[in-house]
Structures are given as structure tokens and as C-alpha cells.
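The chains carry the letters A, B, C, D, E and F, assigned in the order they are written, with residues numbered from 1 in each.
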Amino acid sequence: MTPLSIPDLPLGARVHDPFLVLEVDPRGGDNPFTVLILGNATGRIQTAPFWASDTPRIAGITRGKVVHVTGTIRPYREQRQVAVDSIRILPPGEVAWPGLMPSVGDVSRYWNDIDNWRSQLRSPRLGSTMALFYDDPEFRAHYQQCPASTSGHHAQLGGLLKHTWEVAQIALATARLFESADPDLTLAGALLHDIGKLDSYRWDGAFEPTVPGTVLGHVVLGSLLLDRRVRSERPMPCTEEELLLLQHLILSHHGKLEFGAPVPPLTLEAEILHYADNASAKVASMVSALQDSSNFLQDAPISTKGIWQLDRRRAWRGQSDWGRPGGNAG
Amino acid sequence: MTPLSIPDLPLGARVHDPFLVLEVDPRGGDNPFTVLILGNATGRIQTAPFWASDTPRIAGITRGKVVHVTGTIRPYREQRQVAVDSIRILPPGEVAWPGLMPSVGDVSRYWNDIDNWRSQLRSPRLGSTMALFYDDPEFRAHYQQCPASTSGHHAQLGGLLKHTWEVAQIALATARLFESADPDLTLAGALLHDIGKLDSYRWDGAFEPTVPGTVLGHVVLGSLLLDRRVRSERPMPCTEEELLLLQHLILSHHGKLEFGAPVPPLTLEAEILHYADNASAKVASMVSALQDSSNFLQDAPISTKGIWQLDRRRAWRGQSDWGRPGGNAG
Amino acid sequence: MTPLSIPDLPLGARVHDPFLVLEVDPRGGDNPFTVLILGNATGRIQTAPFWASDTPRIAGITRGKVVHVTGTIRPYREQRQVAVDSIRILPPGEVAWPGLMPSVGDVSRYWNDIDNWRSQLRSPRLGSTMALFYDDPEFRAHYQQCPASTSGHHAQLGGLLKHTWEVAQIALATARLFESADPDLTLAGALLHDIGKLDSYRWDGAFEPTVPGTVLGHVVLGSLLLDRRVRSERPMPCTEEELLLLQHLILSHHGKLEFGAPVPPLTLEAEILHYADNASAKVASMVSALQDSSNFLQDAPISTKGIWQLDRRRAWRGQSDWGRPGGNAG
Amino acid sequence: MTPLSIPDLPLGARVHDPFLVLEVDPRGGDNPFTVLILGNATGRIQTAPFWASDTPRIAGITRGKVVHVTGTIRPYREQRQVAVDSIRILPPGEVAWPGLMPSVGDVSRYWNDIDNWRSQLRSPRLGSTMALFYDDPEFRAHYQQCPASTSGHHAQLGGLLKHTWEVAQIALATARLFESADPDLTLAGALLHDIGKLDSYRWDGAFEPTVPGTVLGHVVLGSLLLDRRVRSERPMPCTEEELLLLQHLILSHHGKLEFGAPVPPLTLEAEILHYADNASAKVASMVSALQDSSNFLQDAPISTKGIWQLDRRRAWRGQSDWGRPGGNAG
Amino acid sequence: MTPLSIPDLPLGARVHDPFLVLEVDPRGGDNPFTVLILGNATGRIQTAPFWASDTPRIAGITRGKVVHVTGTIRPYREQRQVAVDSIRILPPGEVAWPGLMPSVGDVSRYWNDIDNWRSQLRSPRLGSTMALFYDDPEFRAHYQQCPASTSGHHAQLGGLLKHTWEVAQIALATARLFESADPDLTLAGALLHDIGKLDSYRWDGAFEPTVPGTVLGHVVLGSLLLDRRVRSERPMPCTEEELLLLQHLILSHHGKLEFGAPVPPLTLEAEILHYADNASAKVASMVSALQDSSNFLQDAPISTKGIWQLDRRRAWRGQSDWGRPGGNAG
Amino acid sequence: MTPLSIPDLPLGARVHDPFLVLEVDPRGGDNPFTVLILGNATGRIQTAPFWASDTPRIAGITRGKVVHVTGTIRPYREQRQVAVDSIRILPPGEVAWPGLMPSVGDVSRYWNDIDNWRSQLRSPRLGSTMALFYDDPEFRAHYQQCPASTSGHHAQLGGLLKHTWEVAQIALATARLFESADPDLTLAGALLHDIGKLDSYRWDGAFEPTVPGTVLGHVVLGSLLLDRRVRSERPMPCTEEELLLLQHLILSHHGKLEFGAPVPPLTLEAEILHYADNASAKVASMVSALQDSSNFLQDAPISTKGIWQLDRRRAWRGQSDWGRPGGNAG
């Protein structure tokens, strides 16, 4: 089912749709009220105030619940809000999640590429080790849904798969430039580096870190997952030294201790993986920052302030068509 | 002329060849002597001692001179040295530099790719601006010789061109993953980012920083070169705002102020360029560190100590053939 | 025309004056309203609320516009506000900017000193190079208006000129202590170090960074300005090596890479300039912080919290007259 | 067998004893020679030079070998050296390691305390989990030999056990001060925090890092060891959430990301453990630095320079008997 | 007098009690009002709004005053507030401070331990020097009231004494593990390290830093106090070198320059003291963070965000009873 | 007595003079020998080797002793050395220190200026407080000899006085630019900021840190000196709050905690003092670095490597006469 397109709702439009509750925001001074921030895969909108006397109408509504809302779009200080006529919590069984959360959309192109690259691996034991995960239907079902972060880069359903696909491509492009790099091992690193995120986030509602994700971290969780999975096979699909190479790729991919890598990259492929991971994550964050119109005052070319996801840098929407016929800038 | 292969010289071999003087090293305690470190494009070797009484034989020999040496290879503490029978300084006119300095070898493949990418630019004004440099024979003649550093990554004749080619490929591979990125501008950034190195290094003998390279830095020198070259055309091949986009790419490519970027990357293409530049430089440094046997004790898998070029990380020569038939590791 | 003295307005006073709109601040909960922050060269004051129903009265009023206001001063929580009877946007042609923005006041004393110092330069080529800027009426007209920052030190009309004058004096006082320092070159450094700010800020209304100021930075903009101006003369008024000395002064004046200097100071005069620039900027910030009563709770000697402009240090208004007859403290 | 006391050897003494080869040091200028640094549990001494002509006598002798030496103690520049009459490599089977390496000595007191503390655990599942390691004879045999570092704090045979004992005591003393701290869990953290060092160091000869110790690090190796050991039991001796608590203690004990902790301490017991670990390690380093007379010029109270193990701080041998009868200082 | 237990007040309860005014908080938009935050040793609660028309009722009420309040407990957004019928400022003479401020409670156990430890000192001159402070009734009266910080660790009446007692125990437990440590000097360091806090904080009302505490800092204030006190005795109770040892303990106890230690620890006892001080302060902060329910959303195990007192770490309320009969967790 | 000018000694010259022993350097391989580095106020030179057989001739000679040497200047690898015929230790009573150590020379100009500035103080209590030190003959006798560091900036006899004079001038020049700065207090800060160095260094022979200088630091030693001296007067020459202002100047003059300031500057005068102190110290270091020919290879404009005293920056000897008649550079 295609979700309602929130950014396209005109003033006066009627809504009669499910929304994910993104925030429950109590506000106001002497005359307190509550505003809900509602969203789906296409965007977000806030409700008109629920006054103290309306409290019973929103009883039990918390962040991460899905509600069915009937109401009207009204203007509010150069923005729009939805004046709610009726609102009720949808039972989990009735929720169609895919339309409600930000999503990368169709993931088949990512799977196609990844499976194709795997099929070209020239290293039998490496292929078998990857297959422990990437031929496992349950792994695939989870992996293609998991976000790559809760509020940073690729914070979307399927974001982890998309990020993996980007990292693999940048890493392979880099490995091909250096004769002594092993492209098969580089690909394996891309495929494994973030598997610990499967245990680190929940995406059944709002994206949230899990307890293990917070207290062990996705880097170590990935290492534990790999260790358990490889050792559960008899015989192991790879040797102990080969396992060490793979573990090192996972554990070093954050590049430096202060960024959460227990060890820095010490092999060529680990170094390549680290920069590819960084490039995917940081460039994706820049894409988001530039597309988020709330960072910019109307048509201003420079963002109004430093942006959190860019380590407090500003962003510049500078571009040109360079004289291209039908170019993308004037 | 193919230079003598220094790594292949057996004990007892006679040499009768030109060498670049890499170091003039006075040593010893009460009985002082001098050792020369000689090199060519294939490697380096030291001489037997020149005692105090031999001083006149090496008068005038300094770092960066080229000498013609006749002598014999002798053993010295598990290494080899050359016992010199005669040595004389070659006049500049007689020096065949290409065989004497570390070099990336044939550069035509890099030019072919770069010129091919340029021919596919869809942006007329961008193409014209690149052509100011890349169609200029004098620029090409210098650019294909210049090293990318004096003792770090790509410290070879042609290293700058090779590095440019690597950066362009990684950057283009990255840009293709993000719809909102402009691949033409990304390529332009790769082609321009290090042009200031032409004024920053000397490679007529040993690689040395120039005074402008030291006191202004290659980042700003590149910015000044671009400004002068573009403004010397009437009309300018691009607009002022377009020039700003290109200047920003040059000035921000080091990524952070503490790494020498006067401004951090604020556009998508600048962010992509920064990570591509980093990947090329850091991975090339790792390749060198792993190939330099002096970092490792015999067959030890881990380097004996932290390696300067890797920010004091150790390097691990871990690899495997993963069961490949005829694999690269046992 | 002398602007209205905002700090001296008594309760009940009538205003009938132009003001610069410093902020347009939408506030409130269920009953939203907008407050304008108005200012002129003497201070700032806020308006009474414009309720939703008043919205048409302030349509089109944005930060940086100048408005003519008729109204009355009223009390509001230990502060004053202006209850607006009528308000209208002044067309640019009717605006008398000097009275509306914070200003250093009469700049002639700064010009007198600077021109006097220039006249005493013993270095002909240095004098000619300075004259390219400092004898240019257009440069002078802009330079004496430009602020030295948008919201930090010397954020006033004429602030850049005043800062230059301070830096020159501290730098000359320092240079005179060290025989090997060249006072002429030191003065030149002071005069040139911040010329790039002319292209970095706008002061036609609120102080704002320009796009080039944000994406290239004032340090490099200064370097580009100098390069273009010197090279536009035939013959150049100084030699290439002399130009390098001047460029190095501009490029290194922030002292460290992490503070935005592409190169650190490597000459004696560059080192002197850096500390003089720092002293002027940081001491001016401390003066402002100590004079800003909003940093202190009534007569409290210590500021209520760390102050942004002082890198989060608190400020202490400790002083004494030390027994002076008619001293400045009890 | 009690090893020869190296510090007590008088000039002229004859030695006829086994030594561990600590360094093989080629030296000299034109007349090269080699010196061996020999050691045992009591100290270290160097040999007289082996000249080029003596080379065959020391063929095959490398760092970490054990040699039997016959010779005489001679003076050499205010130090002593051993002039070697005969030297031969001992086959591994003939080597009595305990006398040859620095050692904490008798470890039974540490075991007694640790086993006693374990017996007082009030938490059945915690006791069973500890017993997986601490009741395993093989674990005990290795644990009581392993050093706590290769050249830093507790770099001695048995150093890891001694460090564990110290950490446990400091941690328990701290936990007892805070009612909400769980002393049992604190003890468990002390016992488990460094188990990964068993796989990180070799102590069969010189202390050396292993490949896994270098490329995964002891923190993660400990986490993997615990995961495998606990999961190999059916049923597991503790719950999944309890395992998480233990893993968090191991993974966070370095306190900060930049010190190699993939996650910082987030529980009370993890915070306690981190400070106890730090106190044991840093105070032990200070003890060593103060006892190492090579850090001090004769009786100088302050070390001659910053000391590596103390993060480049100097050390001060200041003390007093404060008027105690028979005090330790005058 | 036992203070009213604020956390136990039911809805509808009547209060007729003294409270410390913790905050005077003006709020609201167009219809401004003021809320008071009131507290005593048991907790804090806010008042219902005082509207503009109520302003005279709260005239003169500022942070740190003590007021007598009559009113009723009412519900307010899942919290409680007190609707005030009457409020009046209590004159200082009528204030019973102990019941009004957070407090460690009965301090006699801390004094008992400390005095007992002092009685066991084997060092006469050290004992006499400690007695200058710890046998001085005025010192004791102040010391047992002073908080250890204004809003960080041990920010309670008596907090400094409790912190001292904790530091002494951790430091003594550590010193006992290292034969070369002097336990007497270690205890002295614990007793003296924070005496400068007596001059650094005020606790007659809200906890506030004094001017000397802000502009000299408690570390140096402690050093000055010790210097003056010791030198005021004729003869001095210890030697000059002994005084140096004590001063070094005070001045180095923050461990590193960036944490405010003018010198880092250079003796064994100073190193021990530093880690004990850190352990007490940081673990106490973790205890507070875990007990503060406002850090957690209902029963969530992980705090909702990074916590200021923990350097922005989150806190995890993970625990278990590990199978203990009647354990503290399910 | 004018000392022998070491830099001017020609080859073959005879010396018959006293020298300070700067280093006793044992060297060599199998044939060990010792070299002495000798110096006086004009420079330094090394001796020819003392072989093992010469040992009795240099018995008892250590760093900091003064020796009388008879010998001849000989060439040694492009340097000169003194071949010693006879050498004997001079008893302390015979040593004329002023000629033997680096010195700022005549200090009367510094005293004249400082005393003149003091005489113009408009603040009676400030003048009296300064006089406690600056009218004390013993203070003056020590202060005019003390170096400002042992091996950094102004490491010369009288260096502290010269540095004080520089700081005072830069600080006064800065204070005069800011109306709200108190020039009297600024001068007082300059005069007092480094008085603690009197207790921190020894200059009776080589410059060495004292134990108090190392374990308390000159910043706190200055604070203690001021406290004791002011409090020893009855009545105190200034008030307690005034003393606080002076203490704050001393304690904050290093500017930041990480540079050893227990508190950062919180007043205007403290901020001015900090930058003036920095300017004097850093510019003086740059002067030394540029004048030290050992930093440069012959006429090279850039130093051969990063220089320790400049925080590892290189130095550039770039200068020009800018067309001055009879200019200082070509």
C-alpha cells in the first residue's frame, strides 16, 4: 500500500490514515497542552494542540505507537498541522510498517549486486564463510530491513543493506587500484563489517538502540556473531588465521580507537574498508543535510548554522550546470 | 636505459654505473669515516667506509648529486655494501634522471584514462577550465614527473599523476552512488586538488620541498594557480560562482582544519573528494609499509614497531589464498 | 544624525524613530505571537507582542530590514519594551545606516595613526605595496566600515579598522623589543592580515558572512586579493620573494592549523603578528564580556556562567582603586 | 633451582650458568662487533664484544634463546660485563624457565585470596560462571604464568595474576563504600577483565605479543573467550542478560574509547572496575619507575628525564621518616 | 527536627513548612508567570504559577532564601506541584538549615574512622601536622558541613567529609598493596587534598562557589591554607622537605594539567591519591546518575540521553540477583 | 673580566682559560673514550677524546663544574675541538661565573625602565605591594641573575629580568588600547607573574630546576611567595580582595589549564598579561631558533627539520631590504 504523501498535503485536505507517532511533546506555560509529531515513510507533520481537557483522547499514546487519525490540514505559522477529529491506537497486528517508516524502497537491486559479487568470488573458503550469513533466509530478511543508524546516516528501513552495497562498491573500486590488495577479502569485509547492527537496533516502530547495542556496541556484537556462526560449523568453513583476518576487518573498521575501533586497521584490506565505510556514511550524511530544507532559510545557499550530522560544519548548496544544455542549475 | 637492478646484485658483482647520492653520512668514534648511501630507481645500497685519508675522493659529493661508481659488492653484517674503486660526480648534462629516482614507470595509462574522462565531461565550461591545465603541454610535462610527496605516499616520479588517477577513480565510484552528486564536478576536483604540488616540490635530484611549498603550502598554492590561470583568460572560461566551487574543492580537500584545510568540505563533491584523496594516500602508504621488508623481522607477520607513515600503527602481513587453486598464500 | 539613545529611554517615553530589525522572534504556545528585537548604534530593545491578529502589521519585516516605529516605552518583567503604535519598512534609500548599527565611532584617529606609520616606513618597495591598498579611496571607504567579525570581537562598523590599528600597535611594540625583527615588515603584516574580511562580510543591514567568506575563508581571500593586486601592477611593486613574505604573514596569522591557518608562522614577523592579532581579538572580547550586564546577575562579581566568546570561561569584574584618590573602585 | 644473583656478582667472579638472551646488539663503526644482553629472574648483564672473527661462536643466537655461558666478570666503564669463554644454546628441553625470567615469585598467596573471595560469593550463577575459568586447572596453570604486559606494568611471570589480585582488592574496597554497588559482580569483573591477555602474550622466552593479541586486542579476545566458554555449557551457568553484564565489564574496563574500550563504563560496577584497574596499573608503573636506578643520576631526587611508562612525567624519590623511630628516610 | 518528606507527599496533602528556594523561574509567553522550585533535604517540588498579579506575593524571594509555605499538593502533568496559599521569607535567625539542604546525614561514623586512622599514624611529625587541622574544632565544624562540589559529586552538606573518608579508604587499600608506598603519607594526602574547598564554596543557602574558589581554585587555596597554617607554628611541626611532600599531594591530586593540577603526580603516594580521589568522585557521580529517575524513561534500562555528570555517557541500570535467594533483582 | 670568545678561536690557537663543563659524554664502541663539552658566556666547544688511559685526568669532572684548561684548537670534521694538554677543576671560590654562562649582559637598562614605570604608578597600595619585592636588595640581586627557563626562552643569566621587561612593555602597550584596562594592575601582573622562578631554578653552574620548581611549579611557588610576603607585613599593604587580584594574575598567566595555569584568566588584566607573556616567550624562542646556525644547512632558507622550541615548526630565514638603501638583505 502506498502511504499518504505528507509533503504533498494541501491546506484543507482531509486525512484518514495511519501514522507512526514520532514524538509526544508536552508544551505550554500556564495552559499546558500536548502536540503529537506524526510521520510515515514520506515525511512528518504535527497535530494541533491537545489541551488538558483533551488528555483522555491521547491516553496511552507514546513514541513508537501507530495511530489511525481522521482530521484536517490547517495552517500554523508558515507550516501546516493536522487538526485531529479522531485518533486511535492501531493494534500491532493491523500495522503496515513498510509505509510508515523512512525506507530505502525496493532492495532487490542491492541484493542482485551483492549476490552477483559473491558469485564471482575466487576464494572457496571465503565464499562459504559469507554464505553462512548471506545464504541464510532469516539473515536476509532481517538485514534488508535493519537501518544503518537510529538517527544518523542511512536511518531508514533497508539502510543497512544500502550502506553495505555502497561500501562494497567504494571498497572494490579502491582495491582494484592496488595490485597487492585482495578484492575478495575486501568484499568480505564490506559484507561483514556491520552485521553486529542486526543486534544493535530495533525497527519495530521508531528506530531505537537495543541494550546489547548500547552496552557492547555493534562492532563487538559483529565480532561475536561471526565467531559463533563460524564455530558452529563442523568443520569450520575457514581456518583460524582466516577467521582472524575477518575479525580484524570488523573490529578495525571504525579506523581509530577514539571512534570505537578496539584496534586500528593493520592490513591493506582493513585500511581500504575503513575509508570506504567512512565515505559511504559521511557522504550520505551530507546528502541528507543538503536535502533537508529545515537546515536552510528559504533559498539561502549556506545553512543557517552548523549541522550536527556534519560535525557542526555548515553546508553549501552551491552548484552549477556549467553550461550544460538543460543543466541542473541556472 | 634500464637502470642496474640493485636488489639483484650478487656478492662479488662488479658495478660500473651511475647512482644518485641519497645520503652522505659521517660516522664513527675516534676513527671517523664517511659512508655514502647510493640509489637508483630500483633500490639503494651503501658504500664501504671512506676513511679520513679517503676524504679527497669524496670531496664535493653531497645529497642529490649523481656519481659514477666503479666497485665490487661485498658482504657486511647480513647486508651488502659496495667497495668503491673509483667515484666521480657526473655533470648535470650527463645525468639520465629517469633511471635514478623512484618512479611510477610508464604514465601513459594514467593520461589515457584522465583524457578519456575529460572527453566525457557533459559540462562545457568545466571542460574548458580543466583544459587550461590539462591541454597545456608544459603543465603535462611537469605534472607527469612531480611526486605526490617528498617522503610519504607516492613519493615517486609520476607519483602525483598516479595519485590523481587513483583519486579520480575512487571519487567517481563514490559520486555514482549518490544521485545528487555531480560527477563532472567531482572529476574536476580530483584533477585540480593537488596542482599546487607543482610549485611545492623539486625533483631534480632528491625530492625536496620548495620555499613556497613550505611557507604557503600546496593547498593555497593550488588556489593561487587556479585563480591566476582562470583570470588570465578573457572571457573567463567559467563564472565567478563556478570558480568558487572549484576553489572550495581545492581548499577543503584535507578535510579538517587541523590537517591543513583552511575550510572544511561544505559541498557534496568536496566531501567525496576528501574521502577519495584520503583513501588513495593512506592505502598507498599501507602498501609501501607492507612491502618494505625493513619494517619486519624476517618472516614475522607483524611489523617490529609502529610505522611513521601509518601514524605509528603496526602493519600485519596477514593474508590467505582462501583455498584458491594456485592461491597467493599457503 | 545622532541616533536615539536606547539605553536612556525612560518608561513612558515616546519613540518616533528608525530601527534596524535584529530579530523576528515567533513565540508562545497555544496563543502564538511575534516579538521584534529592534536596535540602533546605541543598543537594543524588544517590542510588545504582535498577536496573530496583528500579523498583517509586520508582514514583510525580516532580519536586516530597517523600520520606522512610533510607540511608547512600557515595563515588562524588570525590562522595558516598546508598545508599537505604527511600524513601516523604510526603503533602502531612506536609511541612515551609521546611526543604526553598532559602530566604533569616528575612525579618523585610526587613519591618522596608520597613515603616519606608513609614512615612516623605511622600505620603498614595502611602502609601494601597502599603497596599492591604503592609498586606494575605494579600499579605504570599505575598510573603514567593515566589521572584524559578525558576532565576535569588534563586531561593529569600523571594527576591522580599529582592530588593525590595535594589532599594529601591539605588533610594533613587540617588534621593537627584538633587534632582529623588521618593524616595517611587521607593520605591513598588521595592515594586510585581515584584508580578506572585506570580501567575507556584508554590513548593509545585519552583519552576515558572504558565500566566499564561508566557503574560502577570510585568510585565503586575503591571500588571493594580495596576489591579484600586486600582479596587476607592471612592474610589480615588490619582488616575488617579498610577495612570499607578505603572503606568509597573511596565511599564518591564525597561528595554528586547527585555528584555520593553512601554515603556521615560520618567520619572526609572522610570529609577532600572530600574538598581536590574538591579543587584540581576545582582549576586546573580554572587554565586551565584562561590559555586557546580561552576563552578570545584578552586582555579582562573577558571571553567571561560562561565556561563549571567552571559550566558556567565566568573567570576573574584580577591580580596585588601590587607594588612588578618586579611584575607579571602592 | 635458585638462579644466579646477577646484581651481586663481584668483579672477577666466574659464571657457569644459563641465561636468557634479551638482546643481540650489533654495534661499532669500522670495526663492527656484537654484544649480547643476558638476563635471568634477578637482573641483566652484557657480554664483552664478539668481534667479527668471533661471529661463528654466536651463530644462531637470537633474542629469546637460552644459552649456557662460562666466563668471567670484568669492569667496563663503571659497569660490569661478562667476558665469555664458552657459550652454547640450550635445547628447549633443558631450560628451567622460572629462574630465567622476571617473576612475581610465589603466587600461592594470590590464589589463596582469590579462591577465598570466590568462596564467599553470595551469587550462585556468578560463582558457577567464575568457576568455568577459575576451577579449570589448565586456565590456572596459564594464568599464573602470564605477564600483564610485555614491557609495561607487571611485565613479569605471574604478573597477570598479581595484577588481578590488586584490582580485586581495590575494586572491592571501593564497592564496599557504595551501598548500591554489587560486590559480587565487582569481583567477577576483576577476575574476568584481563582473561584475554592469555591469548595476547607469549612468555616462552622473551615476553612478546601474539598475532591475535595485536590484531584483535586483549579486550575483545577476553570477550570472545567468555562468550565461547559460557555458551559451551548446557545449560548456560548464567542468563543472557547476566552474560551481558559480564561482557560489559570486560569491554569497558579501559574506560574510554581512546584507550581501547569499545564502550565506556555504563554501570556502577564497570566504573569501579575501571578505576581499580587503572590504579593497579599506574601505581605499579610508578613503583617500577622509582625503583629503576637508571632513571636517576646517582642520588638525584628527581629523575633525569620524563619516563615513558609514566606518560613522560618525571618521578620524585621524595620521602621522609616523619620522625618515626628507625624511619625509612633521614 | 526531621524535615517534611517531599517525595512522600500525597495529592491533596497540606503543607505548612519551611523550604529552601532553589530556583525562581520566570516563564510563559504573552501571559507571563513565575514558578518557584522549593526544596529541603529530602527532595524538591515546584509551585503552581504566580501570575503577574501575584507578583507582590513573591517580592524579594530569590534563590537561596528560605520561605515558610502554606499550601496544597495538586497534580500537574504526571508530576505534583504545590498550590501556595501563603508564603513568607524566614529571617536567617529562624532557619533550621540541616533539614533544608541535601545532606549526607550523620557524620559521626566518618569522624570516628578518620580519627581512628589518625591515631594509628606511626609518623609523629605527620600526626602533628594533621592535628593542626583535624584537632581544630573550628575546622571540624566547617569541614563536616562543606559540600564536595556545588552540583557535581557529593553536593551535599557533609559531602566533603564523606568524600574524604571514601578517598582515604580507597587510597589506604591501594597503598597496602605496594610495599614501597608510605600509608601514613597516603592518609595525610587524603585528609589534606581538598581542604581548599572550605574557602571555595558557600553552603549558607544554595551551594555556591565563592570568589576565591572561582579565581584561585580549590587546589591552590588548599596549598595556601597549608602553607599559612604550618608556618604559623613555631617551630614548624614538620620540615621544609616534608611540607613539600604534602604540598605536592594537594597540588597534583587532579592528576593532569588539563584537569587543573598545576603539577602531575610525581611520587607514589601522589599517584595513589589521584586515583583514589578519582574513584570516589566518579563512582559517586555514577551512583547519583543511576538513582536519579529523571535520567530514565519509566523502567527503561538505559538512560534517555548522555548524562552531564558522566561526561555525556549514558547509564545502564543493568543488574541481576544471580540466583541469590531473596536477590536484589528479578 | 671579558671571557674568551669561543666562536672566534682560529685553528691552532692556544687556550689557557676557565670553562664551564656543559656535558661529560662517554662514547665509542670497542675502544671507548670520553669527550667533554666546554662552554662560557660566548659559546661552546668540545674536547678531543680522552681515551681509557686518560681517565685519571678527568676524574671528578662532572656537569656543572668549572675547569681550567690549557690546550690547542684543532680541526675535526668541519668543526673545531680543543686538544687538552692539562685540565683541573677550579674550586668554587676561584670561579668568575659571569663570564662562564650565557647572559643577557648589562641589566641596568631593564632596571631603569622597571623602576621608572613603578615610580609612575598612580595606585598607592599597588606601589607598596610591588616595593615589597622590587625595593628589596636581596630580591633584586637574585632576580637580575635568574634565567627565565633552563633550556627554553631567555635561558640566560638575567633572562628573567629581561623577560619581565619585555612582558611589561607588551602588556602596557596592550592595556593602553583598552580604556577599561587598569595599566597599573597590568604592570603589577608583569612584575609578579614569574617571581616563583626564583625558587624554581639554580644558576650556580648549569641551569637546573630545583626540587620545589619541579614538584610545585613556578606558578604556585610565585603564589606562595606573594602570600607569605604580603601577610608578613602588619598592616598588609593591600586589602584581601586586592591580594586576590594579584594572585589571580600569577595563577592564570599560562592561560589554559593544559599549559599549567590552575585557573584561566578571568579579568581583563589577566587576559592582557597572558598574551604579553606568551608573545615575549614565543618570539624570543623564534629569535633563538633563527640565530642558531645548527638549525640550518649552510645557507638554506628553511630549517632542516622541525625545531623543538617552536613546537616542531620549521623556521624560515626569509627577509628582504625592500629596496632600502644599505638594507639588511639583498
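To be clear about the criterion, a residue touches a chain if its C-beta (ideal position, glycine included) is under 8 Å from a C-beta of that chain, and two chains touch if they have at least 3 such contacts.
Quantities reported herein were computed from a predicted structural model and do not represent experimental measurements.
**Q** Common contacts of chain B and chain D?
**A** Expected: A, F.
**Q** Kindly point out which of B-F, B-D or B-C repeats the A-D interface, defined as over half of the contact pairs being the same residue numbers.
**A** B-C
**Q** If you average the Cα atoms of chain C and of chain E to get two centres, how far apart are those centres in Å?
**A** 43
**Q** Counting in whole Å, what is the centre-to-centre distance of chain D and chain E, each centre being its mean C-alpha position?
**A** A distance of 39 Å separates the two centres.
**Q** Listing for chain D: what residues touch at least two other chains?
**A** In chain D, 29, 31, 211, 214-215, 241, 244, 248, 266-267, 302, 314, 316, 318 touch at least two other chains.
**Q** Sort out which chains touch which and give me every pair.
**A** Here the touching pairs of chains are A-B, A-C, A-D, A-E, B-C, B-D, B-F, C-E, C-F, D-E, D-F, E-F.
**Q** Within the complex, which stretch of chain F touches chain E?
**A** 211-212, 214-217, 219-220, 223-224, 227-228, 231, 244, 247-248, 251, 257-263, 266-267
**Q** Which part of chain B faces chain A closely enough to touch in the complex?
**A** Where chain B meets chain A, its residues are 122-126, 166, 169-170, 173-174, 177-178, 180-182, 184-185, 238-239, 241-242, 244-245, 248, 264-268, 271-272, 275-276, 278-280, 282-284, 286-287, 290-291, 302, 313-324, 327-328.
**Q** Spell out the residues on chain E that touch chain A in their complex, using ranges where they run on.
**A** Contacts found on chain E: 27-29, 31-33, 49, 51, 76-77, 301-302, 314, 316, 318.
**Q** Looking at the complex, which residues from chain A come into contact with chain E?
**A** 26, 29-32, 209, 211, 214-215
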